[in-house]
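Same chain, two partners: subunit A is paired with subunit B first, then with subunit C.
Then we have the complex of A and B:
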């Protein structure tokens, strides 16, 4: 990608990042407003949700007081603005399902989600690349056909279903891996070994659910590269097939895939929502589902905005990498 | 899936075997889709069987000749439950895909037709909402409107029209610059006539293709929402609900109530993708087909 002596174009990259950040602000504003508009249109009463079962016995005055405290009677725009200004100051409200501030929920859980997502991405990239190269080496051969068919099938399979079957097979049938959670139930402390064994199944399932896309990209990229001049030149110079495949075809074939990794963030979030729920992984995606089932609006709103920000950051990352990998593209977008 | 064939392959390419694999694939897909439709449309009204028939003496029997998919934890026949589940999921998917296609076509065509500021604002909004992961947006909508059939349909439709709007917009823009449109305009055709008689027929195949490919995606969405407990009410045997209600049996070690509903989601998805791929090659021979999930 970069030659040892070449300097990275920091200036243009920083300008692009700055422009995109400016662009992200209105997007996030619109999304937050949309979130509040949907909530305003919904038949759901935040006061009853906040009070929970206590709301059944509470007096009318108490409920009215709560209504004022929560600011439910204010018009939509005002509520949105209040939320926005306190969000900028670092206060995202209180989560009713977790019974703690939303910012605490996020800081406690974000790390676990990132750990899961990064491991899954590594699984998908490593497996996808090796399978892709093997398949591209002999296009239309039995291995290519078998793996490609499997990839299409896998792409159609819901991640939660894969997760459940993996849990059944590895945790119940073979009994080699834990079925869910972060640590054993009787354990008080979080140790590295426990987290590692509990991470294997969810990360593998999330990785495998992202695998088809990586595999198909590498396969196509390497197959295309095998037809191009550098490969023909390398073969003409008498380099052995292994060097041609890994040194030449894979290098140019993997580039488009690596640069698009950032744009896979939405699929990763979708997968995480399902996989974290199946394996009770204490991450942020599982918290989103919990927030949704118990209509915890402050938590749900914050996590929706956070996910949107992650998607925008992923897009920026992929455009930066693309500009680096292919100087013709540049950093103007 | 045609990228199995070399890129240079024209209609007269060498490789009889290649063409026949493709034919086999398209025919298999057609048979599967037909079988699914038949099962879903004919079995419930004709077969005088009660999918809710509880038989506790037959609970959690593994697949056998009498019960090809086995029975669930209260002894209901899973094959029958799955057919009903597929029926519900397919219906939700169809309605959601249809709604999304109508919204997407209208928005995309309007953006292309008005151009200028309208176009820019509308397409910016489309970009903005594309930045929210679909399932998350769906979860949010359903959470705010309580789980149920209509919230699920609305949430799937609301998240899926964006891509159709983009496709239709670019198609209208490319059609509009063709000479035959100029000819129609200079021939004195009204705007309406140009839109309905000349632009619409050019856009419909692309929009239709997007709609067909959207059906399995919408079914996938419905089952994911139902699985998370945010979808259809539990008495509606959708495929996602079947997987969700099988969790208890799975933890007890019985795999079949989980396996079969998932397979019934995968097989029609692949078949529809196979048919849509053939259709795409026909209306757009240069573009490679892919699963588009």
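Then we have the complex of A and C:
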């Protein structure tokens, strides 16, 4: 086992990140056009969505005027081009469904979503990895059997249902954690302590719903690695169990898990949508769903760009980690 | 390097877990502390408003908290003056309405309220460039102008008796809202008004926070802090009410029932104009047939729907006007009578075929019935209706769809529709039954066409005399018995569960669209904490 050196290979890593960023531009361009095309073809009518229940008593004339005002009668390509040119100039347009500029919609909400998703992702990765290693170490042991069956159950359990269950248990039965919101419901100031306690349940639920994948990957990877030559060699050299497990087995067993980091990002985003709704978390989720069902082009496009960027960044991160963990892979991709 | 970082990671996980449990431990009792006093109220609502700007439709039916209208409704839905000093003077055969304004009223930013603000509000709403979907409600307005600082005159295109009830819509300050884009300016999220409460925060998707307006012209509210938590899921709302996080919440009947034996909480059932109906399109060969319509009208078991689907929280409906409204035409109730339905169909020549479904002149008695997909309440009503119709030999196929799918089919297919605006009998009946509105967006979805009804509806909205209006709306309701172009099924009660911390809680008669303005907190500014 040769270490890649104490210093991280910053140069190749930066080059890889740079290449990916250049590649991201055309991807984003295609994705935004795709969003406009899909939205234009969707059966939802932006005018009806905008009008809501008021639309049920509105006159046709009123609805037609709204259609003109909202600019949704323009042809697809023209609308996309108008959006793109002003977006490049820094103006993301106004969200019709939220009745405010898209930039405001996103800045008000995105931070809280990122906080929730990142915390949950860390919970899932750290807890999944440590439980996976422990389970692989004694395969078939009580910990392995308990955690594995729990993992399969959780894999099948919808985040929505987990949220309700967690709320019932921790907020109602035990009364130890708040059931929802960002701060205490009657409080107007956002303090660190309040956000921290209110973050526990949603982040734990979202994290736990993502955990099975990490746990199962690590468990399998480490278990396989324990059978491999380098590990047997290490054992033969008389290295202690801890070094064998963490230094050798985990290192090669983690490789499949690292690719998972990238591919779980979309799942994490959709999971966050559900969890935010259940816990009244003031994130971007509700806005995303509304933007989609109301065919709110400017908001939808901005959110898709963000989600695409998150997925691309997740893939980049997982490739960088992979390259670090296994120098043979390198940073060429 | 890697093994070290993994050890570090394990340590971090452990630290993280400890921090989480430590944080969890610091919590107990904390949330209960702020809730003892009655000067703070927290309620859970199901819908978040898109905007708080009256110019875009917020608060058009009153109770907007942040704003006041010229007039307002009391608990019996009687008009009383708010920003107007008295009820309007009506002249010119019901075509001009003159409002004298209350003096000395200030917006929450300290600037005085004058006639300019009223004119600005109405003119902006009626402006073509303003994206307000409810502006059709002000269709009658020809012009609005100020006469001095404290008088406003509305001129109408046609005499419109219920106009005063439209003027509960909130007044926006010209000096704030007039300075920005009406459709997306910051006023839509950071409103300034004359109302009993001032918005202190709106955390989208989480809650709206209000504090009492110390300078409110009607006296400072005793509930100093008022919070509306936005909780879309019914079960979550019920759970948070149970944990004491909320003082009150709107709940569906099955969840409200679980609080029935709760000592510290009371369930309030608000009466409503919120109807569910089946449109029977005139252009459908079966549903447009008067005999089929009359048969369906008595074949349907409304009582069973109220008991089974609404769990008792509602009443049978025979038209848009609820049976307990003063405008309801007594004697137009229809009892469930399957034998009578069969007799009507037999006599009209609709004879049962081999499969039990009736046929007349080669036309099979069948038509599709659409309901909004995902709407459980409408689905249940639709299925019950189809099952009742089947017993009389009429085959109704229920189908789910979004409005985009349903709307183009409304001319020929039946729809399980809902709606209801309290107050004037003109509001629902005119848009549902007036033949000239057939096929105009969602108005008159059944393409109902009855000259006697058209005439009575016109008379009802134009006449200023209550007796004439009552006669007109009696005619409408009796015509609807003879030719029921819609089968009205139920009026739905809205249920609210509230802690017994305040005295004198009431509910108004509520509309179909019961957002944050409805519920016992419609007048939270008048609540008195119990000692």
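One rule holds for everything that comes next: the second predicted complex is superposed on the first by the 250 of 333 C-alpha atoms of A that agree within 3 Å, B and C clash if a C-alpha of one lies under 4 Å from a C-alpha of the other, contacts with A are read in each partner's own complex, and residues count from 1 in each chain.
Quick note on the criterion: a contact is a pair of C-beta atoms (placed from the backbone, for glycine too) under 8 Å apart; a residue touches a chain by one contact, two chains touch by 3 or more.
Remember, predicted model here, so these are calculated numbers, not experimental data.
**Q** Which holds for A:126: it touches subunit B only (first), subunit C only (second), both, or neither?
**A** After superposing on A, A:126 lies in contact with subunit C but is clear of subunit B.
**Q** Is A:98 touching anything from subunit B or subunit C once the two structures are fitted on A? First, second, both or neither.
**A** It touches subunit C, and subunit B stays clear.
**Q** Please name the chain, subunit B or subunit C, that touches the greater number of residues in subunit A.
**A** C
**Q** With the two structures laid over each other on chain A, which partner does A:155 touch: subunit B (first), subunit C (second), both, or neither?
**A** first
**Q** Just checking: does A:319 make contact with subunit B only, subunit C only, both, or neither of them? Give me first, second, both or neither.
**A** Neither partner.
**Q** Once the shared chain is lined up, is A:167 touching subunit B (first), subunit C (second), both, or neither of them?
**A** In the superposition, A:167 contacts both subunit B and subunit C.
**Q** Contacts for A:44 in the overlay, against subunit B (first) and subunit C (second): which applies, first, second, both or neither?
**A** Touch status of A:44: both partners.
**Q** Give one of first, second, both or neither to describe whether A:277 is in contact with subunit B, with subunit C, with both, or with none.
**A** A:277: touches subunit B and subunit C.
**Q** Need the overlap of the two footprints on subunit A, from subunit B and from subunit C, as residue ranges.
**A** 43-44, 164, 167-168, 172, 179, 277
**Q** Per the contact definition, I'd like the list of subunit A residues that touch subunit C in the complex.
**A** Going through subunit A, the ones touching subunit C are 3-4, 6, 43-45, 48, 50-60, 62-63, 65-66, 69-70, 94-101, 104, 108-109, 122-123, 126-127, 129-130, 164, 167-168, 170-172, 175-182, 184-188, 193, 196-197, 200, 204, 243, 246-247, 250-251, 276-283, 285-287, 324-325.
**Q** Inside the complex, what are the residues of subunit C that reach subunit A?
**A** 1-3, 6-7, 9-10, 12-13, 16, 20, 23-28, 30-31, 34-35, 40, 42, 48, 50-51, 53, 56-57, 128-129, 131, 133-137, 139, 181, 183-184, 186, 188-189, 200-201, 203-207, 209, 225, 227, 229-233, 235-236, 239-240, 242-243, 245-246, 402-405, 419, 421, 431, 440-443, 512-513
**Q** Given the complex with subunit B, which residues does subunit A contribute to the contact?
**A** Going through subunit A, the ones touching subunit B are 27, 30-31, 34-35, 38-39, 41-44, 139-140, 144-145, 148, 152-153, 155-158, 160-161, 164-165, 167-168, 172-173, 179, 216, 220, 265-267, 269-270, 273-274, 277, 288-289, 291-293, 295, 297, 300, 303-304, 307-308, 311-312, 315.
**Q** Contact residues on subunit B for subunit A in the complex?
**A** 1, 3-4, 6, 18, 125, 127-129, 131-137, 139-146, 216, 220, 223-224, 227-230, 243, 247, 250-251, 253, 255, 258-259, 261-262, 265-266, 269-270, 273, 290-291, 293
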